[in-house]
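Below, chain A partners chain B and then partners chain C, in two separate complexes.
Moving on to the complex of A and B:
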């Protein structure tokens, strides 16, 4: 199974610096270290809300690709978003779920349905346009280029394990400055 | 924080849905995020769904609307959340974090299902209705009771304030609006 930060590093090399990337919790901390940009949005406030923010950005800017780096625990707290998103059908949204099978930000306890629930299966049933499940870095690198070109909404489960440790600064995550920087970065989008 | 024109003197006994929608449009709102509510079903939701001037997004669960609305506000677009008070109660953590702590403009229109017309929400026989305003007050969220046509004048300024000050607001619909 691929290491999460290896996967994120690979993804970072495939997208532009001014693309909006919405990320949840542990993945968010890794992502902002790997791809620092004011266009990263990690201020979802409440667990589960990352996917709803991403849908809002996708609806607001239909001509810009929106990348969502969701967590499996976060998605479980907002499963209805799969149907809401599929129904709204934003062509510009790519919904990644980094599945490690745990509530990593809450102590690493296993999620319900660990190793049995299929998030890509749920997304497919909900009506996402494209659904994928990848679990090794080679497959990710072979497929990510074409996945990023698909007409969305697209859903991709990335089965992974934690990689290196990255700083986790929750005060930064919730800071007004971070949101102000984002607002400034997107004000002319 | 409470405002109700009908409490100040000119009570009417009806609430007209089309006038509410006109007031919402006047504020610059162009997107409505909804989870169905029986109180507002016929007088607001159905006309909104049929209104070609408004983008209508059907949402599965009320807390989703908070995240969607907050994100859309970065583009300068104004949204209105149309939900039932039970959904408001269910969404409190998202409203707490995104609306109150992050100070995002979260503009909510909330049906008070089964509130007795002419009775203040805090005097309702229904527990769920009685606690809505005290909870909003505890969270320092602006609220307005929209119970009659005399109250509709509160809507546009409330939405404008929500977006100009980047803060949440709840407009509480106290009776089923007429589908007219």
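Moving on to the complex of A and C:
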């Protein structure tokens, strides 16, 4: 199984610096360290809602690709979003789920359905245009280029384990500066 | 608005027209009888993106995404759905993201379905506990002006505002 930060580093190398990335919880801390950018939209409030933030944003900017980095525990808390998103059918949305099988930010207990539930299978049933499941870095690197070109909504499960430790700097993540930088970046689209 | 209306007039006509005037581009909803005419008007309008939800909390987050993406949206929900929104409403307060919600009431005026009463009676206290400003309206003629005032409060003063539309207006769940 791939390390999450290796996967995120690889993804960061494949997308532009001004691409909007909507990221949740633990992945968000790693993502803003790996790809610092004013175009990072951090959603660490109500658990499960990152996907719905991304939908609203994707509908507002149909000509820009929106990359969503969701968590498996988060998705479980808002499974209905799969149907809502598939039905709204934003062509510009790529919904990644970083599946580590645990509630990592809240004590590391296993999620229900660990090793049995298929998120990509659920997304496919819900009606996403394209669904993938990748579990090693080599297949990620082989496929991510073409996945990024697909007409969405696209869903990608990334089976991964934690990699390096990254600073969990809440003060930085929730700073007024990050919010202002994001607002300024969007204003200049 | 507020003048004598034709026999066939329904508040949803004026509210839909108001949405256009305000530049509302996204409407998110879980279907409800009290809001059905407004939902139909929004769905028929190509300039408004109507998104049907599986649960109302999705819509609160969607409205946040829409606002940060530069669009105004409205959440349409029955009072029962307010209970599903509480956690997500915290972000609107913390980040001062505008939220305009139209809430059609159950569990109050003439309700004949007892299971609706507890949540109906908790709706306004729950919204206010989550720091959502509530405008309650119980006359159809006053719905458009109330929505207009709520929209200004939401989008110009960056607040979460709910227009709570009385069951007295919709008649939903009330025996005649």
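Worth pointing out:
Criterion: the second predicted complex is superposed on the first by the 187 of 189 C-alpha atoms of A that agree within 3 Å, B and C clash if a C-alpha of one lies under 4 Å from a C-alpha of the other, contacts with A are read in each partner's own complex, and residues count from 1 in each chain.
The rule is simple: a residue touches a chain if its C-beta (ideal position, glycine included) is under 8 Å from a C-beta of that chain, and two chains touch if they have at least 3 such contacts.
Just so we're clear, the structure is a prediction, and the values are computed from it rather than from any experiment.
In this superposed model built on chain A, chain B and chain C take up the same space, so to speak, and clash. When the shared chain is aligned, no partner comes close enough to touch A:117: not chain B, not chain C. By the touch criterion stated above, A:148 is placed in contact with neither chain B nor chain C.
Of the two partner chains, both chain B and chain C are touched by A:78. Of the two partner chains placed by superposition, A:89 touches none, neither chain B nor chain C.
Legend: residue contacts after superposition of the two complexes on their common chain; A:57 is shown touching both chain B and chain C.
Counting contacts as defined above, chain A residues 41, 43, 45-46, 48-57, 59-61, 78, 80-81, 83-84, 87-88, 179, 182-183, 186 meet chain B in one complex and chain C in the other.
The part of chain C that touches chain A in the complex is made up of residues 25-26, 28, 49, 51-55, 57-71, 73, 87-88, 90-91, 94-95. Those residues of chain A lying in contact with chain B across their complex are 41, 43-46, 48-57, 59-61, 78, 80-81, 83-84, 87-88, 174, 176, 179, 182-183, 186, 189. On the side of chain B, the complex with chain A involves touching residues 31, 55, 57-61, 63-72, 74-75, 77, 93-94, 96-98, 101-103. For chain A in complex with chain C, the residues that touch the partner chain are 22, 41, 43, 45-61, 78, 80-81, 83-84, 87-88, 179, 182-183, 186.
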